[in-house]
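Shared between the two complexes below is chain A, which pairs with chain B and chain C, respectively.
Moving on to the complex of A and B:
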């Protein structure tokens, strides 16, 4: 069937030469496990993010933006659907097992989905700062991804996340041009979401990062983080907002903004499933799964075979 | 539940391309789910789907013999070398 490698060394030589791994290849167990964990984390995060979007469908102001949030919710749930499919094909866990682990708090999702979105300003900040961090992260995975099925699915996911980011940029501009109350609300949201979004990139990459060697990442975390700071600090300043980083510095020679010391404590707490909104989020996701059980039951009962 | 493979094609362009896969209980719902997941923003004009269980697969071992048939190709090197020597001689 698939290709096989006699040792991890041979496999890494293959990867180093630009080789692409396909689902039926006899890949080393460590690589299979690492790819699976990576995609499962991504799939869980899309599902958790999509459920937050869903919460905001009735509360989003204006028909045009309400429809955009509907589309974004469908996109995110769709991304989860496609990613669970790619993850399940690796044969480590079934989709059912992945969902059960998620609802039991046994598997992870990204740190930004462990916080509550309290106001419309929070939704705008998430759409700008979190999607603004997700797009470069996903692009860096896509760029040189060694696992073919993930790379192909990422291509369409990135295209759709691009729509979300442009939506966030438009919302931010509109809220910046809003009333004093709206501006004050958004400033509070920037204060609350700046650091969680920045921590999404993770701590500085280790010199011998296994995921980089196996071509699941092609950019160092600190480089992507610096690019994000450089993009959003001037944008928010130009709108008259402040960034909640007392250690933020600006080099007038190069016009480069650099963030101050980063507290990784909150990231560790979310990774330990102990974030400010973790328990409620998981309970909500689990409840959504239960209340939609009748749909799955109806699908299972639907007649198989061709359309008549 | 069945797993379907999804193929997309644009009118007048390229061939059908594999886009990914999807789970569905029957053909009707498979088409609907594929449209709502893979064709959200007019990514293609035509859609093919096939139940993974019905895919006819020629695996690498089956295909391999044809990667070693040099007599089916001609690299043109002999003629190219001759032409080059002719030009060099003028």
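Moving on to the complex of A and C:
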């Protein structure tokens, strides 16, 4: 057994002093629950994201991109696997329970996985705008993360997501140099994915955010969101695309782009499991789990050492 | 791949340039230290031909690594045409990963390299680990757990 703390105050003093919490520590229940919810949400999102990638393996144009989509699928499912192991170690739910809750629609995954990816343009927009939002979010969690096992896995995940983002930038540049039809397809994808990706950061952070106090987040949502807008508006403009924000403003003095008013209604709907593609996504994930049941059963039934 | 010669030939400088390219998924670890560089051929007129071998032939980073290598070598003075080719042999094995790279991966990324025999030691506490899944987030990695500190780690593998 690891360390114990006599009160939440002592624990927060420990966190404030830069202390790292490890799996065998007797951490306060509220902290354990918060870390667990955080990692479970991340794990679910990796799994749902991996399943979307999988859908695109047969439809991806060109062998090189197909290899990349295959590998990205393995990345996301692999990340989910690592995260489910770390989440289960917290002793709140087993991996089985987490998956059952996910497929029953009882636990959350990120808003961007509640929308359909209809075209290759959508896949490029996801790889650019969604991964472009995921990387700074994950870096913000990683930077000062107080939970050791999650921090160490996040470091590897961030390295791999950075690679996805480079792929996204390469794909976007390629599609920007494409035919009028390809460019029109990508413009439609930007129009459809701009706001969901922007809302991934969430509403402005509250002044006394518990997750910030417990060092599970080191950057305010609005700061990360502003950085994202500042990165992608000039990039898309330079490729000759527009951004679907009539309230977008540009300060010529500082060269800073600021987004217009944000409608949080769609985010609330996805959090209530009522997004445009939520039901189909969950049904597909659940079906994938069911159709592979025989593999798990066979592995469970095999004598020790029979499967290598 | 030895780079321990004193004269600063074009070939040596080309090897040094390739060594500045990190694996896109393992920042801080050069592809030379991972054992991906197999051949460097130069000619008097400044042509450089680089031969690399992939960890796994299905690796999605091949095009990106080749582009990074080409860019790094092209930037050298007195260099003419640069070609980068992925070779089909020899087959990459984990023995090619240098001790330096192993240390960096263990310390910075809790990423181990599969032991030749016996259990792979945990990069955090050196205790034996157990393979939980042959399939990690990449073709070249498995998922292990440490029996002692309970860490979930990834282990680089070649088969």
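Operating definition for what follows: the second predicted complex is superposed on the first by the 304 of 308 C-alpha atoms of A that agree within 3 Å, B and C clash if a C-alpha of one lies under 4 Å from a C-alpha of the other, contacts with A are read in each partner's own complex, and residues count from 1 in each chain.
The definition used in the following text is that a residue touches a chain if its C-beta (ideal position, glycine included) is under 8 Å from a C-beta of that chain, and two chains touch if they have at least 3 such contacts.
Remember, it's a predicted structure, so these values are computed and weren't measured experimentally.
For A:166 in the superposed arrangement: first (chain B), second (chain C), both or neither?
second
With both complexes overlaid on chain A, does A:95 touch chain B (first), chain C (second), both or neither?
First partner only, chain B.
Is A:156 in contact with chain B, with chain C, with both, or with neither (first, second, both, neither)?
In the superposed model, A:156 contacts both chain B and chain C.
Quick check for you: in the superposed arrangement, does A:303 touch first (chain B), second (chain C), both or neither?
The first partner, chain B, only.
Does chain B (first) or chain C (second) touch A:213, or do both, or does neither?
Neither chain B nor chain C is touched by A:213.
After lining up the shared chain so the two structures overlap, which partner does A:70 touch, if you call chain B first and chain C second: first, second, both or neither?
Once the two structures are laid over each other on A, A:70 reaches chain C alone.
So in the superposed three-chain picture, is A:78 touching just chain B, just chain C, both, or none of them (first/second/both/neither)?
Touch status of A:78: both partners.
Is A:3 touching anything from chain B or chain C once the two structures are fitted on A? First, second, both or neither.
A:3: touches chain B, not chain C.
Do chain B and chain C land on any of the same chain A residues, and which?
Common to the two interfaces on chain A: residues 24, 71, 74-75, 78, 81-82, 85-86, 89, 149, 152-153, 156, 159-160, 163.
Which of the residues in chain C end up touching chain A in this complex?
The touching residues are 24-27, 58-61, 63-64, 108-111, 132-133, 135-139, 141, 143, 145, 149-152, 154.
Provide the residue numbers of chain B that touch chain A in the complex, in ascending order.
It is residues 1-3, 18-29, 31, 36-38, 40-41, 43, 59-61 of chain B that touch chain A.
Per the contact definition, I'd like the list of chain A residues that touch chain B in the complex.
1-3, 24, 71, 74-75, 78, 81-82, 85-86, 89, 95, 149, 152-153, 156, 159-160, 163, 299-300, 302-307
Which residues of chain A touch chain C in their complex?
22-24, 64, 67-68, 70-72, 74-79, 81-82, 85-86, 89, 149, 152-153, 155-157, 159-160, 162-163, 166-167, 170
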